[in-house]
Structure formats: structure tokens, C-alpha cells
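There are two complexes below, and they share subunit A, which is joined by subunit B in the first and by subunit C in the second.
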Partner chain A sequence: MIKDNEYEALEKIVGSQNISREPVILDTYAFQWCAELLNVINDKPPARYYLRPAAVILPSSTEEIQQIVRVCNKYGLKFKAFSTGLGPWNCVSTPRTIQIDLRRMNKIVKIDTKNQYAVVEPYVSGAQLQAEVMKFGLNCHMPGAGPQVSPLASATSMAGPGFTSASTGFAGRNVLGVEWVLPSGDLLQLGALGQKNDPDWFTGDGPGPSLRGIMRGFVGAKSGLGIFTKVAVKLYPFPSKPEWKISGESPNYKFEIPNYLKFYIINYKDWDALTNALRRFEEEEISFMCYYASRGAICASFANSREEMFSYYSIHTRLKRPLTLMIGAQTEREFEYKKKIVEGLIQETGGKDYTKKIKIRDVSYAEALRCLLGFHGFLITGCFQSTHGGMDTIEMAIRMAKLNAPIKRKFIEKGGIADDQGEGVWLATYERGHMAHCEMPTMYDATKPESVVGWVEYAHACDELDLKEHLGIPFFIEGDKQHEWYGPHCMNYHIWLRKIKEAFDPQNIADPGFYITSKKTS
Partner chain B sequence: MTDLQAKLIEIVGEQNVFKDEDVLETYYKRYADNFLVKSPIKPKLVVKVKKKEDIQEILKLANAQNFSVVPVSSKAVDPNASDAPHSENTIILDLTEMNQVLIVDRKNRMCMIEPGVSFGQLFPIVKKEGLRLLTPLLPACNKSVVTTALEREPITIPRYQWDSSDPLLCTEVVFGTGDLFRTGSAAGPGTIEEQRASGQAQKNPLGPTQFDPFRIIQGAQGTIGIVTWISLKCELLPDTRKILYVQAEKLENLLDFLYTLLKRRFGDELFIVNNLNLASLIRETSAEITKLKGKLSPWTLIIGLGGRQPYGQAKLEFLEAELNDIAKEQGIQLLNEIENISNEDVIKIFDNCTKNPWKLRYLGGSQDIFFLTTLDKTPRFIDTFNKIVESTQFSKDDIGVYIQPLVQGCNCHCEFNIYYNPSDTNIKQKARELFEKASIQLMDQGAFFSRPYGIWAEEMYKRVSPVVVDSLQKVKAIFDPKNVLNRGALCFKEESA
Partner chain C sequence: MTLELKKLADYKDIMERCIRCSMCKWIPQVQIKSWKYAQVCPSIDEYNFHAYSGGGRMIIALSLLTERIGYSEELLNIVYRCTACGACAVSCKYLNDLEPLEVIEALRKKIVEDGEGPLPAHKKYMKLTEEVHNPYGEEPSKRLDWLPSDIKVSKNSKLAYFVGCTTSYRRKEIAIATARIFNKAGVEFQLLGEDEFCCGSPILRAGGEAQVLDLIKRNIKAFKERGIETIVTSCAGCYSTLKADYPRYVKHDFKILHTSELLEQLLKEGKLKLKKEVPLTVTYHDPCHLGRCSEPYKEWHGEIMEPIPLVRFPVPPLPLRQGTYGCYYPPRNVLKAIPGLKLVEMERIKEYAYCCGAGGGVKAAFPDFALKTAGRRLEEAIDTGADTLVSCCPFCATNLQDAIKANNAPIKFYDLTELVLKAMED
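Here is the complex of A and B:
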């Protein structure tokens, strides 16, 4: 796979202790959550390992990454970046591709408390960043994937919806200055960071057109156009008093709920009432979190075990279309104002307050603040992945949920995916309700081939539904096959995307498997 | 009649192709005296278009016959001369008659408009639907709304600017190649009509998929594509208003308070102006401005609050009480009104446009220098600028300053307005000298000219990494390989065609 002289050239850059081609090490990079799904999608057996990289290398600096990329160019090797590495899109997708593991680049470079941004390296996690910025009364956006993942990866290379998106936006829209090693090895600094005099991180746009336009879109290029080594991300006000007092042992932690925070579960009788409620709550600009999760998801969100989840059965039957809301405030006055608005809106929108009927532990507040609620999706089968993902209006997202349910039920009946009555939905609002996205977390058993195949078949039906019903472009339209399917239905965007790849990486040195392939390869 | 003229007539009809000297002169005059334009060039022809298909045809012709096309969407003169040709062989594509308001959607807080739609046209339409526009500070009524969004002009409500690209959402664009494209969720699947039937409203600017072409079009001064419509983010129009003020002798004394408001996301309109600019915004004539200016503190922070029924009053009460507490804690005097200015006059500058451009009211002429920085750095830039004013012996009394926090407080637009009487040649020359000297020195000090018009472009691109320039040129080569769009602008030199 990798020749001795190639390996030695790489070893010279980082030292022998920071590079490996031992299969036992390499396979740890190929073992990934959802790898079995990708294997089936690519007509392979549902193995839980994806491709083994040719080598793994751990640089400690931007300069070392530039040197590594230049070695790749010299020898025709490909590279694939790996930060905190959740999911198979972090894996290499072609032979002779080295994995560049960025875990040694783990610094919070700067926290600008006044101008509300932080500069981070790839291996800083959301939890680490939040712990530091909350000391200044600030918060960071974290994606639904959780606090253990890299804000840099989310902001530059992946998607970016989060439980707190109503007040902390979308990862790709929180980007300011960026440091980026191109597939050539050149260093591109976006915005004010690229100027020679007093370079700074406060903007990533200009001069003139914004090169953020080629950096990523609704989703990122997943290292298909280089490696991001530092990024400045916007920070947001911490929603309450920035206190964090936790005790106990997993999973029964105790959390002292800081002033001033409050969870609400508000039940609506049907989709129309929910649509109106989501809109109205967001128009009043009071939420820290505002989303719809199906009744099953609500029960899972506040349970620590399957048994506990099933104990909510009576609540489950009474919940119809529950809206999850959290408000936060800095002062008692602000808290009282927001509570008053919530009470008014519940009445105005015809909702029923179910908050007291569900046992919301104090630690659920910590999970909400730390963007941990998604982990409860693993409770039943040990594995799930979402389908759909299109983002535009609340109305479109609701329509997607409605249209999806009968299709999902069909696949549940067929066997394979777990039975959530077709209702498993997470629908989050963004930026005070200006946008919403909808995805369908779908539980399956990663150890059973028929379940994996069931998920893949259902996901394909979801992609077809989005095309047919004009529900936006799903999260996982990536790679040549998917782009060439969706592109002709969407202004032939794949032609332009490929031109970008060809202009910046004609030889496909940056692994194109989860992006698009240059056809200029000699 | 030239061959080119004949071909253009074939596309748009004789009545829409202009070669008369007086017509060309009208366009030329829009930018000829602008300090940003080194050597003004008269266009060869002016072509008015109303259909995207015509734009496509014209750009295909430009590719075949190697001429440059500069789009113009505003009837108002652009103070930054972005419509000035940089190449001898240029035609102006006048889009002012593509002026349909295609959609106003209260429920989804957006509108969809063509490039020729002006603020004067759009304000009443959106207000009627209960919406407010996110606009630059008191824009000219005949200015194109699309142009301000495409040019990343600063908006006055920072808390509504989640991303630097706001309020621009989706676009329909004809790239330099002549290909039609739609960006963001408007790309598909489905036509716009089909998307709207599915509940979409072209709200998501991101994508399609793994790139954001709208960010490449924005800030490009018409060098990447010609936009035929945009969707624009709107907010709900408040029915209850309150204006608060903080005045200061020194700018530094306002910044901590302003930072606190930005962090708490308090305040709708939120900006700082010096006394001359505040007077120019409020009064209509030079005499009135001069009189009022003398009675104002050097610096004023303006804070607009707004709410809507049924919770508007409660919101304003809560906000005012919070702001008072913060002010007290920081030793700031928060004012409910300023002497000699009525709150009604101030409210009028919000959600409104003017037929009497506020920067021309004082002396009839203004040249602006603006850039992005952070609030804490603004005193340093102001100090530098004042020293240059002194060294050039320009009157410091004729300088306006406007500081606009952006992107929820992550950065700010810092603007100096050099006011002068355009018929006074001596003063005009001094103003030009100040403009040129200050632009360079501010750049050298790290002022980030993110929108480098005219002569700024060459200076600015010298001051950024060559990888940035190279990357921009690669992008340009994808979407406009023959460099037919605004040839010579930014870092896209004529010789690269």
C-alpha cells in the first residue's frame, strides 16, 4: 500500500512515534459507527470496518500538515483528515490514502470575550470549548452529534444542526476566520486573517467574494478539499448563570440547575397546531432550545434505561405532537418576562403543558446545555442513524415528517429497522425560526445484516421521497454516485462542484470519496 | 451600427440598446468624479434588460466577442462607484427595469425581489404585510435592495445578522459563462413553484450540498454572475417602539456598554455616530445640520427597541429596565431623549428610506472610507484618521464617523465620511488627498477593506496573501472563464481574459 520511501518521507516530518502502518493501529481508524451502512451502500457486506488507511500520521502543527500534503503530492498518495472522528465519513475511501489524525492539534488558540468568538484547533471538543468560554458567560454552538465532537470539524467540514440551533444557529453559519491547508499544501487564510497587516480572526469573508463559498455548503467537503487547521467560531451568550455543579456517578449524576433555566414539554393535538406553535414561539425570540421530537424520542430523552423509558408508556399514549422548549435568562426579571410569554403562548396556541407529567431529572438540564440529548437515541437498539435532513422552513420540515411516516412504517413492517411507529423525528428550528430542518433518527441493529440492509433500503426511499416531493437535499448526498443522481434535479450543481475540485485538486490528493472526484486525474 | 450593436438589438430590441452620447454620458457621470475611480472609462453601449434569458444571451455573446459587461441595478448613484467599468470594451447592463417584487411572505419572514426593486418601492409593500427589511442606515429610496445585499452592506440591527451574508438568502444567477443557476435551497429539487407547494420559501442560503455559491457571488461586484432575483430575510415589523441614547465625549466610554448589549442580544438598531452624522441623519439642510451638530455630544450610541402585540409593551418594559440596570452598574447615563432631537425624528430613520441622501445633505459631496474591524480597535483607527486629517489640513469639522456592529457583535463596520462641496475645486482636491492617504495608512494599520472598490482593490490585494488572490482567480476562472463580467475589477485583471 505505502512504499518504504514514502513512509520514510512522512516519518521525517513527525518522527517515528507519530506515524504507523501497523494493521492493528490502522484498523482502529476503519472501525466506525455506521461503517456497516456505507459498506452496504457500496454493495459490500455489512462489515463494521470501512477501509483501512495506508498509514496514519499525527502532525502537531499546520506546518507539518503542509509538509505531509506536499509529500502526498510528490508520491501520488491521498490524504484524509480526522479530528474527533465520529462516523465513517472520517475514514479513507480509496487505497493509498493516509489518515491524518489531528489529535495533537488540541489547543484553544484564542477566546475573544468581547467580540464573542473563539479560535480552535481540530481536536478541541465542544465540551472543552464550552467549559472554557462559559467562564466568561459565553457558550458555543454544538452539533447534535454531541459535545465530544470537534467544533472545527462541524463548522468547516460536516453539517451542523444542533439542539440549541434556535439560539446558536447552524455550524456552517458560525464561521469567521479560517486557516486551511489546500490540497496543494499551500496555506489559505480566509478573511482578515489573510491580510499581512494585523491579521485577525473576526471575519472570514473577503476581500471581495467570500472563499467560504468553496469551503463548504449546507454540508462540508469532509476533507475532500484540504485540511482545516484552525477556525474562529462565533460564541453566544450562555443561556443562564454560567454555573456547573455536578456530582454522582454515571448515569445517575446530580446537577444543580443554575439560575435561570426552565424546560417545557408542550403537547399539541396535531401537526397544524405544532407548526403554528413552533412559529409563534420562535417569533417571540425567547427560546434557548425549540424543537419537535416525537413522543417516543421525548420518553427516551428523559430516560436512562429502556426500563425507565417504557415506564413512560402512559405519557407516551397521551402525547401527540410535543414541542420541547427551554428558556434561559441572566436575571430574574428576564426569566419572569420569558415565563410570562411562554404561558401566554401556550394559551394562544392551544398547547397543553406536560412538563410536570414527565420526570425531567436535574441532569437532563446538564445534558441539554451540553448538547447530549441525542445520545438517548442509542437506548433501544444500540445504534441509529438519520435519514433526510433538508433544511428550509418549519412548514417544509413538518411536511417531510408527515410524508415520511407511512414510508417508514412500510419498512418497519418488512423487518429490519426498529419499530418507532414511523414517528421517529427530530425537527429543529434555526435562528429564531427562520429555518428548520427535519431528520428521521432510525434505529437498527448494527450486528444484524438484515437490519443494516433494512436501514439502507429505507434511507434510499427517503432520498427518493425528497426528490419527488421537493423536500430539499438530504444530509448524505455526497460522493460521485449521489451527486450524479441529485445534481440533474438541482441545477446540475455537481458540474460546478466538480470544477471546484478540479481547480484546487486536479489529482484528487484530498480523498474525494465523501465529496466529488476530479476527472482530470492523469 | 456596429456588429455588436446589431446583435444586441437582436436580443433585446432596438429600444433597449443605447449608443447616444448623452445616454452614455449619464452613466459615465455616475462615477467619473468618484475618488475610487482612477481613470474613468465611458461604456461603449448601454443595454436595458428585463428577462433572464436576455442576460444569458448577452453573456454568451460577450464570451464570443470578448467584451466586458457591468451590471447596474440602482437608479441611485453608487457612492462606491461599483458600476464603473475597468475595461475599455465594456457595455452597461441596466437591470433597473427588472423590478418585480415576486413574493412577500409574512409567515416565513421573507421576500423575493428582482435586482431593480428599490427601497422606495419595497418598504411600503413589506410594511403592509407586517414585515421589516434589514437595511443599511437610511438608504436612498432609489437604491437597489438587491445591490445592498449583494455588496454585504452593513445592516443596522446586529442581533439579526447571524452570518455576515445576512440578509441575503437564495439567488438566481447567470454566471459569466451564460449558465443559469439557483443557489441555496432554491437549487432544488423542484422548480420554485414546486418548492413553494412543498412548504419551502427559499430560506436556506446554504448549498446546494457541499458548496455555497451565494457567498462567491456576494461581494463580487458583479464579477462572478448577474443576479436575476434574490430571496431576502425579513423580520417582523414592531408596532411599539422606544429609542434610548448614550452620549459621550470620548468614543471609548461607549464601548463597554455597547459590548454588553451585544452579548445580551439587547437592542434592535444599535450603532454609534459622531455629532455631524447624527445631525445629517436627522436634518435635511446644511444650515440645520450645522446648527444641530453644535448642540450634540461628539458621540452618540443609538439603541432602538421594538416589540409587537400582544407582548410588545411587556417586552419594552423588561428591556428598558434591564438596560437601566446595566447602565447604572457601568456608570452610564442612559437617555430617553436628546435635547434638540425628537424621538419621532430618530424613529423615522429606521424602516425608511430617503429621497435626500443623508451623506449629501451637509455639503453636497461625500466620499466614504470603510472597512471591517472590531469595536475595541476603532479608537485606534479613529486616532490614525484624525492625524491624517490634521496633516492634510482638511477641516476636521467636515468628517462624519459611523460605527456599526455586525454579525451579532463579532466585528464592526467602521466608516469615515469625508464631506466636501463638490463645486469647490480646492476643497475637493484636499478631500481626494485625504481619501487616498487615509485609505492607504488605514490598510497599513490593519483595517480590513473587505469590499475593495476601485483603487482600493489593487492596494488591498497587495496586502493579502498571494494564496488568497490565486484562489479567487481560480474561482473566477470557473464561473467566468473569459473574464467578461466587470473585467478588471477586484483582482481579476484585464490581461487574465
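Here is the complex of A and C:
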């Protein structure tokens, strides 16, 4: 594990209170959401813990991180960054790896209201950022994981779809200037931040160097290319009046729905009608949110208990292919205009307005604005994880949903994953429908080995389906084994990915477990 | 969750179901209104490692139970550097049904049962409580030293003012104000005097279950022997212990009221008249044990069904303590009835209020941590523009006033009763 002299070198940087190698602390970093899946994928028993890091360290600045990385280089230790830290991809993949918990780097560095961006450190949460930018009538993108996670992690390192993606984009497309500690310990500044004169955060591409594609690509390097210490993310206008008035006591909060905001649940008879509707609604550029979530997911996302969720059963049976839409406006006139368009499009696309039949509580509006609807997925079995994740056109996303259903049903019959009739789908549009992604949230029981194994077997079948049917790269193709399987089918991208790793980190100092390994190690 | 007392092993399933989402580090997400006041757990705010959060402590408990780790000094420090404020549980249960606070409490009980804890500071006050019936080691005969000679006390009222150890010995001003208000409003009350023993809260929070059971039985017997039907207390710790914890050990049918509830009732009945202007801008600090932690546990006799394979469904629904029914409005309503007083709210209030930092044995074992947490709370109070911080608990009062002194903070502190008394004075 970690030797005394190595530990002391790290301790010198942050002080003894900000580093630990006590098993009691390390275990809390080995335990992760979905760690049991990772264990099974790696041919181990389905334990809720993955590997313990060699030590956990809590730096407070970019300079400290640079020093830590240099110590890692000196002693051949690896490091793994961790912002808000939700998910198995935060686990270290080899024993001599230091977990760098960035919790102490929690500042909103700058809010540029004129150019609509904010600069944040790793441990600023989505809700914190939104609360602050709302004060200027602005909004930020948050991943579906919820408002408690880090916009920086999402923007620089890890996937990035969100419920509001129709209007707030994909996390990876919202990145502007970036401050990046490379695996060597050197500092790299991307975008306008790299300019010699008047460096600033306002753009991620030139006049300074643009390495955005290399930095994260589609799903992010998951700490495999260094540590991002600050990032500028795009901001968007808040969809309605930026007011947040909430009263009552948990869980019975009452939210005063701000003016000019409206939810719609529009039911379509089949996939074709839904495809057309998604395209048409997005062409009109009116939505704040626009996605397809299966009927079960709708019942879960508007309920705050299992009992309430099951009470929607009668609606559940009548919904076929529901489109969830939210519109927002700044003025009465704009709102009326958007509502008229929605009504017209419902007619035109053959949809049925189910909004009034589903009791959408006022607090669901707050949860929608704050990106908390996805979290309701845990209501059902206490645990879920998605398969697939490919991003392309609306048509491809729908095709994926259609092709997946029979496969999912087969695995439901086998008994490992929970029965959603093969229907569990979340399909979101991006940037006014120019892109769409689709994933299959799949409920399982993390405490039952047969269920964990069931999920892994089903996920493998999904990955195979994606290959066979050209459904894009799934979110969780990560690590050597997966990339080497997928790469040859996809223009040998894994060779290029490895070249990037080797150029930036030949010695694999940045934990390559969820990225790709350099073969250049001496 | 339920009235039934459980051992740590009974929570294994709950611990294994933690999703490590970190919701327990923040106030409920829909309540976040600023960067500055978004967090809710004093422990992780101070120590930063995940182990110091509600979820982190669930993992530690699971690791200990499954023997992945053994006892160590570090483990004990982590387990006890937590004010048992319950904020983590409120945030977790907004969209989940896990019980981080109950797990923390069960973990502490296991530590004591295994002879590995609590910490020396807790052992000291437990021993003192056994010997002299209060954790401060004060003479039982001095329990009523606070009582001014002009206060009328009844010998046979069915209502008892349970003063509590901290108020009796350390925050006498609260006892005096409470007794004066009662006299002025015509509320007859008895005092137990030397016969008033500690309610058991500090012992219970440190994990001393065996010791507390004797105390509970003894106290209930004493109340019964005196014909008491209603117990009023001005201490949040006593209040939640009597109201929420006692029935888990010994069922009782005493009515438990906090002074703020009685005062609100007296105001409604017109028995309490607040006429004098108190021109202060105040902000109110919700004590954890008057608020979210005072919610009683409920009986649950049901079964976990699986109507659909893997979908667990408790029938009937499991009662969750989510902080919904804490005592939040009585103190506020009383404050609002004071002429000339302006109430301004902090961002973190009611069921998601930030702890003062004293509870759970922290003030005794980790006074610096307690003071820092109180400092954070003071900053929030000062940010409201208030000149006065008010609360309803002698323990919060002590810690917050210590922090005011230590930080030379530009804010005064009063207990609610002191302000009420000011408004009653002719």
C-alpha cells in the first residue's frame, strides 16, 4: 500500500487533518452506488464495496493538486479525482491509488451575467450554482443525476445528459474555459483562458488552444487524463420568472409555481407518432424540457412515495408513448404564444393531453426546474442503473428503445431485473432536437446477488445490441477490456484513445481504470 | 422510523441500500436558495471526509458490522463527532426511506455495548448522572437554587415544569423567566426539585441505552407518584427525549409540552397578554430536538411485500419521521405576538435548520467543533440583518452564546421566554 515516506510527502502538502489512510475512512470511498455491478463485471462477488484507495486527500487549491500529482509521479502512485462523487466510476481501480476528494474546492469563482457563463470549482453543486445564477435571471445545466452533483465533473469528465437538455444542452457542450492539472502536474488552460493577454473564460475554442474533444470526448475521461480544477460553463436564461417561493415541511412542500411555466404530458399512440411529435415540438423551439419517459417513469417522477406511485396505476395503463414537455416564458404574451403552439401541435401530431389526469404537484415544478425528477427512479427498487446511452438523432434514439424492449423482457423473465414490461426508457432531446440520447433505466436490487448478476447480463446484451444495430457508444464502455471489444467495431477509436492517454500520461499516473491504459509504461 | 427498538444488525439492509448520493450533506435540494447556506451537516462541514456525513456513518456501521473494519480511535472520533442533529435523515428521506440518524444511534449503542465507548467525556457525565442525577456533577440539593423567593409553586398541580439539568444549573435565566411567565399567566405548576433527575438525553445520545432505561423508569415513576399529567419543559433535549424516546422504552400517557406550545396556547386563550413593545429584529434558531427530532416514533405492524418481484412494498406504508411534524410554529407565533418585534428568518429553518453544534455529546467531547458550528450558525443569523438571535433550548443557548463571546459577534441572544417576559412587564 502506501509507504510512510510517500504518505508524509503528501501530508506535508495539505496538513495532517486533510489526509487519511485509516481503513474507517477509506471504506467510505470504496462503497459506491453500483459498486456491486462493477465487482460482477470484473468477475468478483457482488459486494457493495469496490477497492479501497491507498489514501484519501483533501486539497484546497490548484497548487496543492499540482504538488500532489508531482508526488504521485515521484513515487509511482496513481491518483483518482472525485468531485461530488456519485457512482462506481469514482472508485480507484488499483490499490496504490490516492483518492483526491475535491470537496474543499467549492467556490463559484465568477458569474459573468453579460456573457452568460459561470466559473466553478469542483465541489460547487448544481443547486448552489442555480440558486446563485437565478438571482440574475439565469439558469445552468444539470445532469439527470440531480442538483447535488458537480457541474464541473459533469462538464469535464462524465457523461452529461439532463432533463432540461432541450434548452440547456449536453454538459460536454457547455464547457468554455478550463483549468486542468495534467498527469505530469503541469497546468493547462484551455480556451480563451490560455491567451497570453487578457486571459478569460468566455470560450473553450480559440483564440487559445482548444483541446475540448481530447479533454472529454463523448463520455469523459473519468479522471483518466488529470484533474480539472476550474471550469467555465455556459448559462441560459431562466425559463420563467426567476422566483423560488417554497413553504411547508418536508416532504409536503408547497411551491409557488413562478409565472409563465407549464408542464404537459401528451400521450401518443405509438413510436412513430412520438418520433414525429418530438421532432415537431423541437422544431418550434419552445420547450424548456422535452423528453420521452416511459409511463412507469412518469408515475415515479410525479410521486413521492411508492404508494403514491402505485396509485397512478389506472393512468399508467392508459398512457402509451407519453411526451413530457415543459414550456416557460418571460412575459404573458410569450407564454400565450407558446401555449397556442403547443395546443396546435397536439392537434397536428395526434397527441392527447393527459396533463390534467396526472396530479402534477406544484413541488414537481420545483423538482423539474432543479433537475430532481430522475432521482425518483430510486423509489421503485431502491436502486437502478441505465444501459445504452448512445447519442445521435431522434430516430436512432427511438429505434434503440424499440429494439431494446424485447431483449429487456427476456431478462425480466429470467428474474434478475425488475419488471417494467421492458418499457423503462428515458429519451431526451438536445439543443432543440438536433440530437437525442436514449438510455434504459433498469431497476434491480443491489443487495441481492442474483439481481446484480441479472443486471450485468442484461447490460452485456444491451452493449451487444448497440454494436449490432449501430446504436452509438453506450455510457459505460470504459476501461481496456470494454474499449478493446468495442474499438475494432467502431473505426478502431480505441487506438486513438490510447494515443491520447499515452501523450498525456504515459506512466498511467491518472487512474486509467475507467478510461484506457497507456502501454508505454516503463 | 418505528417505535420498535432495533439493534445495529437490524439496519443492515438499510445500510446496504445507501446510494451514496450525498443528499444528506445538503438541505433538501428544493430548499436551496444560496451557495452559502446550502449545506446541512455540521460534521462534514468541519471534517470534510465522506466518513463524516450521515451516509458515511452508515457505511462505517456496515463495515464494522460485517467486520471489514475493527474498532479504532479514529472510528470512535468519527462516530462521536456528530451532533446527532438528524438533518441528514430529513434530507435523505425527502426522496428515499433510509434512516441515517437511527443507524448512527444504533452504532453508538453497539459501541457502548461492546465496551469500546463512549468517549471519556461522555463516560464522565454518565457517571455523574448516576451519582448526582445531572451530567454537570452539581449537587442535587442545589437544583432549585435558581428559584426566586417570590415565585409561587404549587405542590399538587397536575402540571409539572420539568426544568432540566442545563436550565437548572447553567441557564437559570430561562427557568426564572419561565416560572415568572407561568405565575403571571396564572399557570399553576409543580417543581420536582431534588426529585427531578436528568431526563437521560445526554446518555441516550452517547449510546448508553442500559443506563438510560433505569433513568426512564425512575422518572416515569416519579411523575406518576406526584399525580402529574402534563409535563412542560423549556429544554428541547428534554422535550424530544420525553416525547419521542421515552415511549420506545416505556409507554406513558403524559402530555409533553414545550414552553413555546404552552405559551402559544395561553395567547390563544387570552391568558397571556403581551403589551409592552420589544423593539428588536430577531431571527429564530430551531433547536434540532424541538424541531425535526421531536417527532414521535410510530407503531408499525406490517410486512414487506413484493407485489412485483424486486419491488419492495411495506404494507401498511412504513411511518417515516421526516421532520414534518416538529414544533416549528409555536415559537414563531409567540414571537409574532410580541409588539414591536420583527421576525426575520434565516435560510435554513424548521426541519432543515442548521444545528447549533452542541448536541449528541459534541459539546462535552469536542468543544472546539461545537464552537465552530455555532459560529457558522451565528453568521447565518447575522446575515439576516437581525440584532437578536432567539431560541428555545438551554443547550443551544449556551453554545450560541459561547460563540457570540468567542467571535465578539454583533448579535445578542435571548431565550424565547426572556423576550416574552420583557413583553409582559408592566
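Heads up, the rule we're going with is that the second predicted complex is superposed on the first by the 519 of 522 C-alpha atoms of A that agree within 3 Å, B and C clash if a C-alpha of one lies under 4 Å from a C-alpha of the other, contacts with A are read in each partner's own complex, and residues count from 1 in each chain.
Note that in this section contacts are C-beta pairs under 8 Å (C-beta built on N, C-alpha and C of every residue); 3 or more make two chains touch, one makes a residue touch a chain.
Just so we're clear, the structure is a prediction, and the values are computed from it rather than from any experiment.
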item: Room on subunit A for both subunit B and subunit C (clash or fit); value: fit
item: Partner chain in contact with A:Q32 - subunit B first, subunit C second, else both or neither; value: second
item: Vertex subunit A, arms to subunit B and subunit C (CA centres, degrees, nearest 10); value: 140
item: Which of subunit B and subunit C A:S150 touches, first, second, both or neither; value: neither
item: Contacts of A:L471 with subunit B and subunit C, given as first, second, both or neither; value: first
item: Touched partner set for A:R216, first subunit B, second subunit C, both or neither; value: first
item: Partner with the higher number of touched subunit A residues, subunit C or subunit B; value: B
item: Contacts of A:F504 with subunit B and subunit C, given as first, second, both or neither; value: first
item: Which superposed partner A:T164 touches (first subunit B, second subunit C, both, neither); value: neither
item: Which superposed partner A:S305 touches (first subunit B, second subunit C, both, neither); value: second
item: Subunit B and subunit C, minimum CA distance [Å, superposed model]; value: 22
item: Intersection of the subunit A residues that touch subunit B with those that touch subunit C; value: none
item: Subunit A - residues contacting subunit B, complex; value: 112, 114-117, 137-138, 169-170, 172-174, 176, 182, 186-192, 194-200, 202-222, 224, 234, 236-237, 279, 283-284, 330-331, 333-334, 337, 340-341, 344, 348, 390-393, 395-399, 431, 434-435, 466-467, 469-473, 477-478, 483, 486, 489-491, 493, 496-497, 499-500, 503-504, 515-516
item: In the complex, subunit A residues that touch subunit C; value: 17-18, 20, 22-25, 27-29, 31-33, 48-49, 56, 58, 84-86, 101, 103-104, 108, 124-125, 127-132, 146-148, 244, 246, 249-253, 255, 304-307, 310, 363, 366-367, 370, 372, 375-376, 378-383, 415, 417-419, 443-448, 451
item: Complex interface listing, subunit B residues touching subunit A; value: 107-109, 152, 162-165, 180-182, 185, 187-190, 194-195, 197-204, 206-221, 223-224, 233, 236, 259, 262-265, 310-311, 314-315, 318, 321-322, 325, 372-376, 407-411, 443-446, 448-452, 457, 460-461, 463-465, 467-468, 470-472, 474-475, 477-479, 490-491
item: Subunit C - residues contacting subunit A, complex; value: 13, 16-23, 25-26, 28-35, 38, 47-51, 56, 59-60, 62-63, 68-69, 72, 74-75, 78, 90, 93-96, 307-313, 317, 322-326, 328, 350-352
